[in-house]
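In the two assemblies presented below, chain A is common to both, partnered first by chain B and then by chain C.
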Partner chain A sequence: MSEFNIADLFRKPANQLEPGGVPRKPADDREQCPRCKQYFPRKRLEKNNRVCPSCGHHMSLSARRRLEAVCAVGSFSELFSDITARDFLNFPGYEEKLKKARDGSGENEGVICGTGIIGGVRCALFAMESAFMMGSMGAAVGERITRTFEYATVNRLPVVGFTASGGARMQEGIISLMQMAKISGAIQRHGEAGGFYLAILTHPTTGGVTASFAMLGDIIIAEPKALVGFAGKRVIEHTTKSKLAADFQTAEFVLKHGFLDAIVERKQLGDVIGRLLKQHTTEKKI
Partner chain B sequence: MFKKILVANRGEIAVRIIRACREMGIATVAVYSEPDKNALHAALADERICIGPASAVQSYLNMQNIISAALATHAEAIHPGYGFLSENSLFAALCVQNDIVFIGPESEVIDRMGNKDQARRLMISAGVPVIPGSGVVKDVTAAKKAAAKIGYPLLVKASAGGGGKGIRIVEREEDLEKSVVAACEEAKKAFGCGDVFLEKYLTSVRHVEVQILADQAGNVVCLGERDCSLQIGRQKVIEETPCPAIDESVRKKLWEAAVKAVKAAKYTNAGTVEFLLAPDGNFYFIEMNTRLQVEHRISEEVSGIDLVKWQIRIASQIELPFKQEDIRLHGASIECRINAAGGGKVSFLHIPGGTRVSFDTALVQNAEVTPFYDSMIGKLITAGNDREEAVRKMEAALCELVISGVPTNIEKQSEIIRSPEFHGAEYDTAWLQRKMKNEEIKNKN
Partner chain C sequence: MTAYEKVKIARDQQRPTASAYIGQLLHEVTLLHGDRNFGDDDAILGGIGLLGDTPVTFIGIERGTDLESRIRCNFGAPRPEGYRKALRLMKQAEKFHRPVICLVDTSGAHCGADAEERGQGQAIAENLMEMMGLKTPVISVIIGEGGSGGALGLAVADRIYMLENAVYSVISPEGCASILFKEQGAEAEAAECLHLTAQDNKKLRVAEDVIPEDFKHFHAMCLSLRERLLGDIALLSAQSVETLLNNRYARFRRLGIYEGGKGRSI
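Let's turn to the complex of A and B:
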């Protein structure tokens, strides 16, 4: 049938849909796994904590869902949610971007902080929201995380932080870069007071976040295949004029080069965090 | 009613299902393997998705790809046709898991009826006659004890069996041990389960099956029986309805047994209960096919009920509007399976027509017959006011059917139709095989 396609010869019948039967509820939202390209009902993916049931790819998970997944039911209580970004530089388009990010993600900032219980241990938590301007770090994000560490130090709590960020928020200029130092200082004081900090790097953890608090965990773990790096792969290749490994900046590559302690699958994360918290938290220490 | 259905099959049955959907106003999604790109079923559907290369394992049996195609196209239900995934309980469960309706019985029912030993025990408890036999025999000693009770000749059968695998005929006691061990090994290899049981081996039997429709409200109707005794190597060749070898009293009992079987299995949708019919009029349950059958068309011809449409309606939770007493079976119908004896390209195609003559096929001019799938390329179906008329129509239609470019069994089918045994309806399940063998010997000499 090389000359023509027989499909073009048939016409669509004008028959109306037969009546009767139980109408199907509107088809559940379907989503495609970016790696294996298979479709799944969103409900099924959510149930599986957004890990692809077919290829095991760890798809993006909202910050709130992430915290729900690891914390004991109902134990998470949010803190510092009143700290939000302001357009203090009158950066063109920033206000609109913020509005869009708030509407799109349902969150008012790029990080959610609070306290919760994991594996029976109370801890302070933060989780970055990649759906909010790619989890970029501005003054409000920096302030929320800093206060989380300070709260943990005062209340003798370990800190569990999930990072997911494109880096510093360019619309806040130098102020956004200062957050790196501010958060790092808070982590330093938390550590000096005997506090434990567990960093969990999720896809993608890049830029100023990698260059500061993501890499300052007492223990640093990552999700499988998460992108972990500072500058982008193409930028580095262009600057250094050299070809980089195919798996460059994957969690597996970073682990192999000693910047990570472990890679943990999402379904085991709650258990692993719980165990680590138990091992590293004693009444005496904090 | 479903707005869109994905048809997880190919060939004539995919075309058959898509046609039903086109009549019902349901949009269709076809799936196809790479060599089936220009196939009729793909062309006739509203949307088409390639699900993999030629190998059936990677395409028509690739559950995840098919589910994904349904989700991507927002199909609400999947019709599996026959063969491929139609009796795969895992696939039926996967559909439900993905919020897609599987047009067929529930996964658990497929499982229940797929395990021969379990199905047999269920039938015994429901009062459906089964072939005298044993439960699973644990060892040779147990087999010997059970065999003495049943009597020889007997069959050793795999519990998880199908497709003739794991089956041995044992004529004498001294062969029993060897056969049990061999069937066990074969079953383990083929199905991952080495359980075997014994069964009386009946001779001069006919294969008679009863077509059933059952809705989700528990209504069950029987659409008559089909005689499928004309087989070569366990493959059906010609089917007819009604069975010409039974009288009304046996027919009544047969239908009642089938309805009992379906009710015991809590079966829904279209299904077939298969029986062996002994010359004395006794019949025994063999198995239940939890899907549409190839030969469903002849039951449609005599009942006037479109089985595929009712499969879809039942899956959409519509109740059957007719009861058993409303079913009127009229006349007789015959189906000849037209098989390709090799690959080729259809250079000329002529399909016979006229009243109550049809040829269900996916063949079109220039279509390629590839070696990747089942060799059946069409079903010639005739129907008449009685068997005589249906046979005359078949004789004429076979002579008019032309498929040039592809070797087929059309002439062989004519020979069977012309034989006095077929005319007199004096055949059993072994007759055709015997006839073929005799002819082979004759030709050699």
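Let's turn to the complex of A and C:
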């Protein structure tokens, strides 16, 4: 501790570089589009579901906002929200990261699950929260998604899932890897029972999530320019000592190589999901 | 022995590779090639052979035994066509009610632009889902390194065994160290934190059992492994398909440690 100085009590730190400083609040409530660099009032961006009004760039959207945006007003009802991570390996720094993620995102885990109505059709839903430890998948995320599929199987509902993840949560070691198998199994059973699963890949969908439930949809849709891949681009560049094209692992790239059904803009997602759900609703099926 | 020492032993080039096990465990072996779609991946050895008197389908990740074969096998890093070849052979096994034996030994699925273009993630994902529903017994043995999704793509099974010095991890200790600890020489600490040894995996119920290693008496070791596999196959084959698949799902279903979620609402 430095010497006590009474003057410090009466003066606010000027910027975050100064010890004890806090980031200065922006002059107005505006946010910059990371692509076209233009500023927009935050309210206007929110109203536009965080799609840049100028260049159409799809900015990150919280899981809860996503579900609100596609579900009929007031129809979303959350499930399994009491399931949260446990630091069962005593992994260094994990507790602190969880706390930071909870404080930063306002959510208690990296995925939100529940049921809702889209296009008049009741469905089970999950949406990953990229602001929660990069949407990484640990046992709690795995359990929530698995239960969502099991709930859908028992209640004969289709599943709509939004992915956004850096992959498995390494702080949970091998158990995080096992979630890939567990969820894939729940999808397999939902599918056996005739259930429809629509996967919507949002930026970024990578690693163990791509190598499991992101790629297992009956129909797989992605948002424009979303990063979709298994290995990290920089890791590949480093390993193979080559430079990769700018569009490598974009949704457009993945579509071209045959691994996506369609790319759909955010403003049309609700309609497209509703339409597909309706087209998969028959008396016989789930 | 520390966890990282085990990682080094698991990667030791002198260690027997999948082909050595196949040679000792099976006879009347026919190698089968190709994914019927794009190509043949030498990182995946597959085919049919007799385990005792029982025809089985075997699928092994082969690292290679000398420089030339290591390059040909891509050092045991399968590409999408390798996982698809494995799936093709598993589906074939299902049709003819043959048990499937997988031998896992990889630092991970191939990391490259070509693999991404051909859907590495999709290929592994499909294996996970299809293996969960495969209507024939599946047993996986991790003989060396079990590197993340690349290993899991052949390890959705009714029984998972790990050799004494094998490891199975969500990420390599090196990768974990560079992402989380951000300092040189943190691999050993990362290896410890990841709980990746065979003994850890047994404790976490990811592996059923640990198999003692005795490479000096490799033939005898394989004979004992063969007896164990035959015993399992007898037990698993006696089950109805429904029971087999329910048990397989339940086996993975219980792998999760978390807070809350009591009183399941289903």
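In the analysis below, the second predicted complex is superposed on the first by the 255 of 286 C-alpha atoms of A that agree within 3 Å, B and C clash if a C-alpha of one lies under 4 Å from a C-alpha of the other, contacts with A are read in each partner's own complex, and residues count from 1 in each chain.
Quick note on the criterion: a contact is a pair of C-beta atoms (placed from the backbone, for glycine too) under 8 Å apart; a residue touches a chain by one contact, two chains touch by 3 or more.
Treat the numbers as computed from the prediction; the structure is a model and nothing was measured.
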Figure out whether A:Thr84 sits in contact with chain B (first) or chain C (second), or with both, or with neither. second
Contacts of A:Gly74 with chain B and chain C, given as first, second, both or neither: neither
Could you look at A:Gln32 and tell me whether it touches chain B, chain C, both or neither (first, second, both, neither)? first
Which partner chains sit in contact with A:Gly120 here, chain B, chain C, both or neither? Use first/second/both/neither. neither
Identify the partner contact of A:Leu177: answer first if only chain B is touched, second if only chain C is, both if each is, neither if none is. second
If you tally the residues of chain A touched by each partner, is the higher count for chain B or for chain C? C
Scan A:Phe259 for contacts with chain B and chain C and give back first, second, both or neither. second
A:Phe40 contacts which: chain B (first), chain C (second), both, neither? first
Residues of chain A defined as touching chain C within the complex: 79-80, 82-86, 88-89, 91-93, 138-140, 142-143, 146-147, 150-151, 154, 168, 170-182, 184-189, 191-192, 207-208, 210-216, 229-231, 235-236, 239-240, 242, 244, 248-249, 257-259
Interfacial residue positions of chain A with respect to chain B in the complex: 1, 5-7, 9-10, 12-13, 15-24, 27-28, 30, 32, 37-41, 43-44, 54
Applying the document's contact rule, which stretches of chain C touch chain A when the two form their complex? 109, 111-113, 115-122, 124-126, 128-130, 132-133, 148-149, 152-153, 155-156, 168-171, 176, 179-181, 189, 193-196, 200-201, 204, 206, 248-249, 252-253, 255-261, 264-266
What residues of chain B sit close enough to touch chain A in their complex? 1-3, 22-26, 38, 40, 42-44, 46, 48, 64-65, 67-69, 71-72, 74, 76, 97-99, 101, 313, 316-318, 364, 366-367
